[in-house]
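In what comes next, chain A is part of two complexes: it sits with chain B in the first one and with chain C in the second one.
After this line comes the complex of A and B, so read on.
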């Protein structure tokens, strides 16, 4: 079940992290964000974002030239 | 998890304005508390007029957007050309401008410390700076940085 979608294709660091954080901040705990990135750094950055924010990285799918992440918003601190 | 990042931004060239702003907006996006101490020429990044005209050095800079021989770098217009080239490269990569990064950082609650000594030395008035800066000396910044998880000097 996907509640929000965000496509950051063509954007470089820090924009995928910045935009994902903005969307996650206005979501409810337990809701899921589907995030598409093409920045190769995102493969390392998005797991770090989830860890630091306290969200849960549900899935990472590597497709040719892009990655699709499923992030579940964690409990609000 | 949440942390605190304390940055010193000491350089006022276009290329050196980006790293502290990128790190600050990233850390704030991770949920961290962030403060940047803008000191010496780094204070230009907070200067209403000068922040619009930050430049790339064309002389004595072997690492610019294009390889300009040192002697060619002194030709009038070379600095403007290097600056325009860098701005175009950033634009083509869909990267925000320095002013846009400042707005992003401000919206994320990043604290901008303006070095009081630099203001005194360079004749910068509080009204010359963008809104929301906190005028501070080294002690006030160190008090913030002492409790930081990461401290970096740019």
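After this line comes the complex of A and C, so read on.
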């Protein structure tokens, strides 16, 4: 189940990281964020963000010209 | 109904101004140079930049950055974005507001709340940014990286970045105003000049001007410790060196830690009655490490009013009744 969606199409890193971090911060542990990025740098930055924050990267899907991440918010940080 | 305005024009002598921008400093309207009389027996002066209309040294930088951007048409149809530890943002917000231009600021998380609130009061949008925002492939300057990405996103159509870390207009501001002011105010007798490394426009612009007048003038840069709490200053151990920094005008670098900087800040309040910001304490702590300075000038970039939350941490329970 997806609880929040964030589309950062057209935004360059670190903007998607900043926005994802802001949204994840206001979510509850266990809730899932669907994040859409178009900056290829996100393939490295978003998994690193999840690790840094203690969130769980559930899935990464590479589609033509974009990446879709499913991130589950980790325990209270 | 329109009001008939008087024909009183700006008059520096009477301190009467048509417009707040007429207070911006320059060789004809210099900020004060004040001697330290109690902290030292040496010939040390501080350039009191908090007497500028928007409260800091960065009024000069912001005025030149904006003028350059307007001249090059960079703000046509675009908003302004900048990475700042506060003072440049405050001056940019004030000056851009007068042009009808909106400012978005990316600001390091650790900057005092007072600055963030003042920026919002001026109508700026404030994005507090962790230094290590981008987990991979970016330097520690998270706010700079974020401002760059805002400027580059959406094909660069929405924002123009002032970019004080790379703009020669920043250097020019100090080469054309602060440098000549110091030279004039000391009647050419300045022997040592001290300023912190931040964007490096100040030390490069003033240093270049002073070296052109007399190459034997010593120009000293101050570098804080890693993880310091001295807004406006940069440790190059953790931050990238700005491209506008010109090492050829710098003779020495002095390292100052928070403890020394805040100790001298406190002394400036209590012994000289100068209500400075913490970077001024770092400047005087650096002067204290020098010998035979001759007539020395240090930059007092801003006042302490935007740092009261930091000062509260430093003071602890000092000055409260010990009952």
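Assorted remarks:
Everything below uses one rule, namely that the second predicted complex is superposed on the first by the 77 of 77 C-alpha atoms of A that agree within 3 Å, B and C clash if a C-alpha of one lies under 4 Å from a C-alpha of the other, contacts with A are read in each partner's own complex, and residues count from 1 in each chain.
We take it that a residue touches a chain if its C-beta (ideal position, glycine included) is under 8 Å from a C-beta of that chain, and two chains touch if they have at least 3 such contacts.
Not measured: the values here are computed from a predicted model.
Once the two complexes are overlaid on the shared chain, A:17 sits against chain B and chain C alike.
When the shared chain is aligned, no partner comes close enough to touch A:38: not chain B, not chain C.
When the two structures are aligned on the shared chain, A:54 is found in touch with chain B, with no touch to chain C.
Counting contacts as defined above, chain A residues 10-15, 17-18, 21, 48-49, 51-52 meet chain B in one complex and chain C in the other.
Chain B makes touch with chain A in their complex at residues 1-3, 22, 25-26, 29-32, 93-96, 104.
On chain A, the positions that touch chain C within their shared complex are 10-15, 17-18, 21, 41, 44-45, 48-49, 51-52.
Interface of chain A with chain B (complex): residues 10-15, 17-18, 20-22, 48-49, 51-54, 77. If you check the complex, the residues on chain C that touch chain A are 127, 129, 133-138, 142, 145-146, 149-150, 152-155.
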